[in-house]
Each structure stands twice: as C-alpha cells, then as structure tokens.
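Same chain, two partners: chain A is paired with chain B first, then with chain C.
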Partner chain A sequence: MIEFNDVTYSYRTGNHNALDHISLNFRQGEWTSVIGHNGSGKSTLVKILMGVLEGYEGEIKVDGEVMTEENLPDIRKRFAIVFQNPDNQFVGATVEDDVAFGLENNGVGRDEMVNRVEEALRSVNMLEYRTHEPSRLSGGQKQRVAIAGALAMQPDLLILDEATSMLDPQGRREVLEILREIHREKLTTLIYITHDLAEIGVSDHAVVMKDGRVINEGTVEEIYQDTDALVSSRLVLPFTISLADRLLDGCYMSYDELVERL
Partner chain B sequence: MNIQLEKLTSIYHENTPFEHLALNNITTEFKEGTYYGIIGHTGSGKSTMIQNLNGLLLPSYGEVHIGDITLRRKTKQRIIHLVKKRVGMVFQFPEHQLFEESVIKDVMFGPKNIGMDEETAREKAEYYLKLLNVDRALFDIPPFDLSGGQMRKVAIAGILAMEPEVLILDEPTAGLDPLSHIETMQLFQKIQKEMGITVILVTHDMNDVYEYTDEVKLLNQGNLIRSGRTEEILTDAGLLQKYDLEVPDIVRLTSDLGKKGIEFPKIPKNREEFINLYMKWRDGYAE
Partner chain C sequence: MLSKMLLGRYIPGNSMVHRFDPRAKIIAVFLFMIIVFFANHWTGYLLLVLFVLSLTKLAGLSLVFLFNGLKLILLLIVFTFMMHLFFTKGGTVLIDAGWFTIESEGVIRGIYITIRLAMLILITTLLTLTTSPLSLTDAIERICRPLKAIKVPVHEIAMMMSISLRFIPTLMDETEKIIKAQSARGSTFMTGSLKSRLNALTPVFIPLFISAFKRAEEMAMAMEVRGYQGEEGRTNYRVLDWQWKDTFAIILMILFGIVLFMIRQ
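Take a look at the complex of A and B:
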C-alpha cells in the first residue's frame, strides 16, 4: 500500500541523515511494527508520511501513486494517527464529542456521524463511557478513545506512534488487545511505532531501525534470529526471549514453550 | 533519619458530599537507608501516602514524624519548608516541571531555594548532572532543547542536588523506553547504595519492586494490608492476585518450573541470578 523508495532526510540542525536511504513496503491489511531506539529515525518516518516534514530525497508511493505536494492533502485524509501522550489529544467535553470531532471537521452528516461514533466506541469497548469526561479516564481508556477517534474517520491506514509508551502495564495490555481485535476483524492496515520489543509479537511484519537505517526486516520470528543485532540497536529483549536466548537453542518462543523446554 | 506514620488518616473534601477517605488510620515506619516499594492498585492511597511524607498534604488526623519534625493537621508552612529539604520527590513526568533558561540553572534552582549559596548550588548541580551522564556541553542550553530522556535526567539531577535524606520516586520510569528504564532504575539503586539514603518507590511495575527494593508496603483502598520484606510479599502470588497486582516475571517462572520439579534453593532476584541457578541445576550441582 505504501512504498518508500530510497528515502533520505536530514534535519537542518543535524549533521547526519535522520533517514538514510530507506526502502520499505507497508502492505495492505498487514500490521507492520517499526522498532527502534530514540533517534533511530522511526518518528521521522511517520512525520514524512504524514506530510509534516518536507524536502526529503527519494520517493514515496501510495497505492502506486507517487506522493507529491499536490496530492498530499488527499492522501493524508486516508491516514489516521494516534500519538504517545493520552492527555494531549482531547478536545471534546465528553468521550463521544471527542470521537465526533474529526467527523464534524470533515463535514460528515449528523446521522452518519452518530452511527460512526457509536461503532468506533463499540470497537474499542468504550461505548458505556460515551458521556464521560475524557480527563477522568485511565491512561489505557484515554488511548482507546483516541483510537476510536481515529477509526471513526474510516482511514485506510492507522498509525500508532508509541501509543502505549506512557501507559502502565494494564493500559498497555488493554490497548494492544483492542488493536489486535480491530486488526483481526477489519483487516485494518496498521503501522505500529514502538521502542519496546515486547509489543511486536502480534505483527505480521517487523522493521528494525538504527541510526536512520533499516537494519533488519521480516516476520517477528526472523527478527529474533539475530538477537545481537537487536541488543546492539539499544533494544531490550523481552523476558521470555532473553532467557530462551541464553539458556536454549533458538529464542523465539512463547512463555509456555519456555517453561516446557527448560 | 527515620519516618514514622502514626494513625495517619487522610480525608479529601472533609465534611462535603465529596468526602473521600484516602488513607485509613495507618501506623508504619520507613527506616533510614532502606529501599521501599509502595504498591497497590489505582486508588489504593499510594499517592496520598507519599504526599504526606514531604508536607504536600498534611494529615487529617494522626501524625507524620520526619526525623525530629512532626507534621500534624495544622503544622505551619515554616516547618513544612524544613521537611522539603530532607525529603526530595521526583514526580511522574518530572521533565514537565523544567522552566529555567538553561540546564544548569534549572538544576541549581532547588538547592538555592532551600538556602544553598550560588557557588555551592553550582557545585552540586555540576556533580549530579555528571553523575547522570549529562554532557557538560549541554549545561548552558535551554532544557527544552533536550530529548525527553535527557530532560528527565536534568529534572532528577535537580532533586538530587538538594541532597535529600529521603528520595521519593513516583512512577519514575513512566514513558521511558526499555533501555532508559533499566538505566534509570540502576542509577537510583547506585545512588541509594552510595549515598545511603532512604528511597521510596511508587510504581505499577512489580518487576522493578521485586528486583530493587528491600521492603514493601501494600495498600488497598486506603488501608495498609501488608508491610514487610520484599522477598516475602512479592513472592506471595495469592496475595498479589487478590489485590489485582502482577506477579513478577521471575517469581512466576520460578514457580512454574517448581511445578515441573525444577527446584532452586531460593527464588532468584533477577534474570542473571535465575540463569546462574538454572545452569547449576542443569549441571546437577543443585544439591
């Protein structure tokens, strides 16, 4: 669905490339995780895709069409994004107002708006909170509302930019669980940006970035075949993986398999 | 310096329809030089408890003894100010509280505020920034130009530079990437050991509580349920589950291996210890 062809970008203040000749494919209906430590270029990638940063080299194609200044506004409408901080993305006085905000902005009619808000809130399991005040929700609930706001726009692509990193373990689980369901049921195309390897287990495809380059890419199982590369990219191996890596041959396994094989 | 809570009760919005009993008649102690974890589900009273330890909240009933200072319902601001010198608090997302025009000035603000002269404050600021691996080249730039992780280090240096006897950490790793998380926790451990201060950690992360703390206080709905050694409380899966808390990964794995007949002489404290014990078991040296 989205193709990066040899994309390079450097910030004016930086003396190195934030993105260094990146070529990548984000396929329709797939969950692609982009993993990297701070400064690896993963956020720059998103900003370029969202049209926030201009002046990159190389080309980006969306459904075969090269992204240009002219078509960017239309392409941009097909993407929705959820950011890191649950407190910085609320505008509505109630949960449902908040989810409706983007629709109102895009001139969606009242009846359809009501339907879409309801469906979006149902898909993140927050319908019973529709009249609540967003500021009084837990972190995980806030991010679920933010996801509902994004889904209500019926985007072709949903981008999550470190959307769980400010949540406690329970909130993290809630959000990942909801995303998994949405992805399974609607086959939504997802780009999931994270610095936490423990969160990539559900993705169809994973991309590891370091210093603006893609250093590894493949299925989650393939990614874990080179644990040294992950560690040298300043990533931390999840509990199960790290023990399996040290104590058993091969390291990609579930917790139950680990217990079984030890 | 020890801290004692004596029949501490904390009520929000007392005598209004919104009255809420946040802490209920708590008597307990924090001993000098010990690393504590305060655990409990959301709404258990963790935040209220730590706010009572540095004078941000005063007791509704009962007393809080910070060394020889006593805080009661009507304690004067002048006395509370003395407590702030002794008890430093790193809030959640401390980087949101940076405000000075340069990194060094931001770190010097706290020490000056508690009465250190300019020169001493600068010395302390430089020392603790260095301890936290903040490069000297960054000292004179605005803190807002730093990355999130670096901003957090600057904010923490500002608290350490006051050289408190007790350091309270409220979810200090929230929002950090996994590697910074580990680095930050190891740093607090080092500071606790080297400076011999009391550290009180409030967190949802039971792995950290298990690995780093000596003692634990478990709260639920404003009541102190248990207070004791970390190895006892955090290895009690039934107790943790009853209060909706996670069992630490290492504890869970050790227990699941125990069910298979793989028994260790003790429950390991961290991954390295687990690996050592497992290898010994595997090599047949377990007996």
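Take a look at the complex of A and C:
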C-alpha cells in the first residue's frame, strides 16, 4: 500500500541524516510494527508520511501513486494518526467533541457525524463516557478516545506513533487490546511505532530501525531470532526473549510456547 | 475561600434556566443590563429584586449559597454604598458630625445603587452558573457571527477560547506537579516576604511556560493532521436549538423592561 523508495531526510539543525536511504513497504491489511531506540528515525518516518516534514529525497508511493505536494491533502485524508501524548492531541472539550473534530474539519454532515462518532466510540468501548471532559479520563481512556477520533475518519491506514509509551501498564493493555480487535474486525492497515519490543508480538510484520536505517525486517519470529541486531540497536530485550535466547535455539511466540519448550 | 468563589463557575443542573438556549440567556442578560437603569424609584427596584430572586429560585440555586460565593464582591458593593452615603448631598441632614454630614439623599441613592449593582452581579453570576463554558463559547460565536463582515476572526477566537478552556485543568495539574517538584528541591512558596514569595514563583512559571509552548506545538500538529484548515468547509457537531420558549423568554424580558419604563417617575 505504501512504498518508501530510497528516502533520505535530515533536519536543518542536525548534521547527520535522520532517515538514511530508507526503502520500505507497508502492505494492505497488515499490522506493521516499526521498532527503534530514541532518535532512530521512526517518528521522522511518520512525519514525512503525514506531510508534516517537507523536503526529503527519494519518493513515497501510495497505492502506486507518487506522493506530491498536490495530492498530499487527499492522501492525508486517508491516513489517521494517534500521537504519544494523550493530553496534547485532545482538541475537543468533551469526548464526543474530540471524536467529531476531524469530521467537522472535513465537512461531514451532522447526521452522519453523529452516527460515526457513536460507532467509533463504541468500537473503543468509550460510549458511556461521551459527555466527559478530558480531565476526568485516565491516560488509557484518552488514547482510546484519540483512536476513536482516528477511526471516525474511516481511514485506510491507522498510524500509532508511540501511542502507548506514556501510559501505565493497565492503559497500555487496554489500548493494545482495542487495537487488536479493530485490526481483526476491520482489517485496517496499521503502522505501529514503538520502542518496546514486548509490544510487537501481535504484528504481522516488523521493522527494526537504528540511526535512520532499517537494520532488520521480517516477521516477528525472524526479528526475535536475530537478537544481535536488536541488542546492537540499543533496544531492551524482553526478559523472556533473552532467556529463550540463552537457553534454547530459536525463539518462541507466547509464554505457553516458552514454558513448553523449556 | 477560593473554592467557594462563584464568579465564572458552572454548576451543572437541569433546571429551566439551565435548559434555555445559551444565546437566549446572553441576550436576556444584556437586555437586563439596560433595563436595570430604567428603575428610578422604589417600586422599580422592588420589581428588579423580585425578578432576580425568582430567577434564582427557578435555577434551583439557594440564596445562601449565592451569598457565600459572592462575599468578596460584597466588599465592592459596601464600598460604593459608603461613597454615596458620604458624598451625595441633598435632602434633610440626618447626621451632622462637623467635618462630615450624612444626608437623606445620600442614603437613598446609596441604597438604589447598591441594589442596581447587586442585581447586575447576581444576574451575570446566574448566567455563568447555569451555562457551561462550552455552550457560552458556542453562543458567543453564533451571536458574533455578523462581525465577520468587518473581518473579525470570530471562528478563530471561539476556537481559541474553547481550547483554552479545555487546557485549564491540564495546566492546573501541571502547575501543581511543578510546585511539588520544586518544593522537593527545597523551594519554599508559603514563607518569607511577599517579594521572596513572588521570586519563588519564577521556577514554577518558567517550566510551565516551556511545557505550554511544547503542548501548543504538538496540539497544532495534531490538529493539522486531523485536517483542520480553519472555518472554511467546516461542519459543526454541536448544534444550538432555539425553541419557542427562548423567544418567549426574550419577549418577557422586553415586556419587563417596558413595565419598568412605564412606572418611572
């Protein structure tokens, strides 16, 4: 669905490339995780895709069509994104206002808007909070509202830029659970940016980044197997993975499998 | 003390006054501000007081509650009363203490002005108490829409207002966090002279400002990727519903004004 061909980008203040000749392919209907340490370029990737950063080298194709300044507004409408900080992306004064914000911007009629807001809130289990103010919600709930806001746009692609990194374990579990459900039911294409290796388990495809380069790519099994690449990219291995790495050949995909093989 | 302050606060409820269209309420309060000045003798003032008291009753608020919340404002009212008492001359001399006199005209004027001021404060407090800040913003935006013709950015101002309102609790939390963090590093906020206490606030405000700017930047990006391009082509999720009872309330207000005007002397 989305193809990065040899994309390079550097920030004006930096003297090295934030993205260094990146070639990637995000496939339709797949959950792709992008893992990397701080400064690995994973957020830059998203910002370029959303058209927030301009002036990169190389080309990005969306459904075979090269992304240009002209078609960017139309392309952007097909993507939705959830950012890291739950507070700083909550625009509306109440839950339902926030979910409706994107729809209002795109001139969706009021009747359809009401339906879509309701449906989106239901799919993240937040319908009963619809009139609540953000200050009365937990971080996990705010992120679920942000996801509802993204879903209400009925996007072809949902991007999550470290959407769980500021949440407590409880909130993180809630959000991941919701995402898994949405992915399964609606077959939405997902790009999941994270620095937590433990979160990529559910994805179909994973990309490991370091210093603006892709250093490993493949299924989650393949990624977990190549522990050297993970360690060299300064990622913290989940305890169970390093355990499995030391004790067994190959990797495991779930706790049960690990226990069994041990 | 501050938690009891009622100025600008909203008390959720479902009374008749709560359910009026916010635009109707704003217009009515505006009309009342003019009407107050029609009264010029005691029957007029009595009517004004009765009107405001019955409105308070309709809003389901108790007078004691209002009185407690407005104690600070009372000071201002008492001050105005005193000014009239001492400086308005005319009528019979009530007290003559040599270097100052209190005359009957002063007492009467003082009482009238006090009532006027008190009623104005009560009715505007009633407005904010019964209308959520959000619907107030909405109403102001709709009422001011004609101003767009003279290039007043009505939509943008309303947007800023609603985002600011939404960020007040967030920034409050943040302030508290910073104060705690600075206290843990040995700052004291509650002791010392006024000057040193003000100085102690600098390390609170600087981090607060920095984070507010960061938030603003992130917020701007989040709004942009969600397709915000200003008012053009935008639809509204919230709708205000003007009903016959709102028209009726305005008409009633105007009638009240006419009555007060008729009984002027």
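Here are a few things to note about the model shown:
The working rule: the second predicted complex is superposed on the first by the 261 of 262 C-alpha atoms of A that agree within 3 Å, B and C clash if a C-alpha of one lies under 4 Å from a C-alpha of the other, contacts with A are read in each partner's own complex, and residues count from 1 in each chain.
What we mean here is this: a contact is a pair of C-beta atoms (placed from the backbone, for glycine too) under 8 Å apart; a residue touches a chain by one contact, two chains touch by 3 or more.
Here the structure is a predicted model, which means the values were calculated and not measured.
Of the two partner chains, chain C is the only one that A:97 touches; chain B does not reach it. Touch criterion met: A:246 reaches chain B, while chain C stays clear of it.
Counting the residues of chain A that each partner touches, chain B and chain C differ, and the larger count belongs to C.
Of the two partner chains placed by superposition, only chain B is touched by A:196; chain C is not. In the overlay built on the shared chain, the residue A:134 is in contact with chain C alone; chain B does not reach it. Contacts of A:165 after superposition: chain B is touched, whereas chain C is not reached. According to the touch criterion, chain A has no shared surface contacted by chain B in one complex and chain C in the other.
Within the complex formed with chain A, the chain C residues making contact are 133-134, 162-163, 165-166, 169-170, 173, 214-215, 218-219, 221-229, 233-239. Across the complex, chain C is touched by residues 50, 52, 76-77, 79-81, 83, 85, 87-94, 96-97, 100-110, 113-114, 117, 133-135, 149, 153 of chain A. Across the complex, chain B is touched by residues 37-39, 84, 138, 165-166, 168-170, 195-198, 234-236, 239, 242-243, 246-247, 255, 258-259, 262 of chain A. Contact residues of chain B toward chain A in the complex are 42, 147-149, 171, 174-175, 177-182, 204-205, 246, 249, 253, 256-257, 260, 262, 271, 274-275, 278-279.
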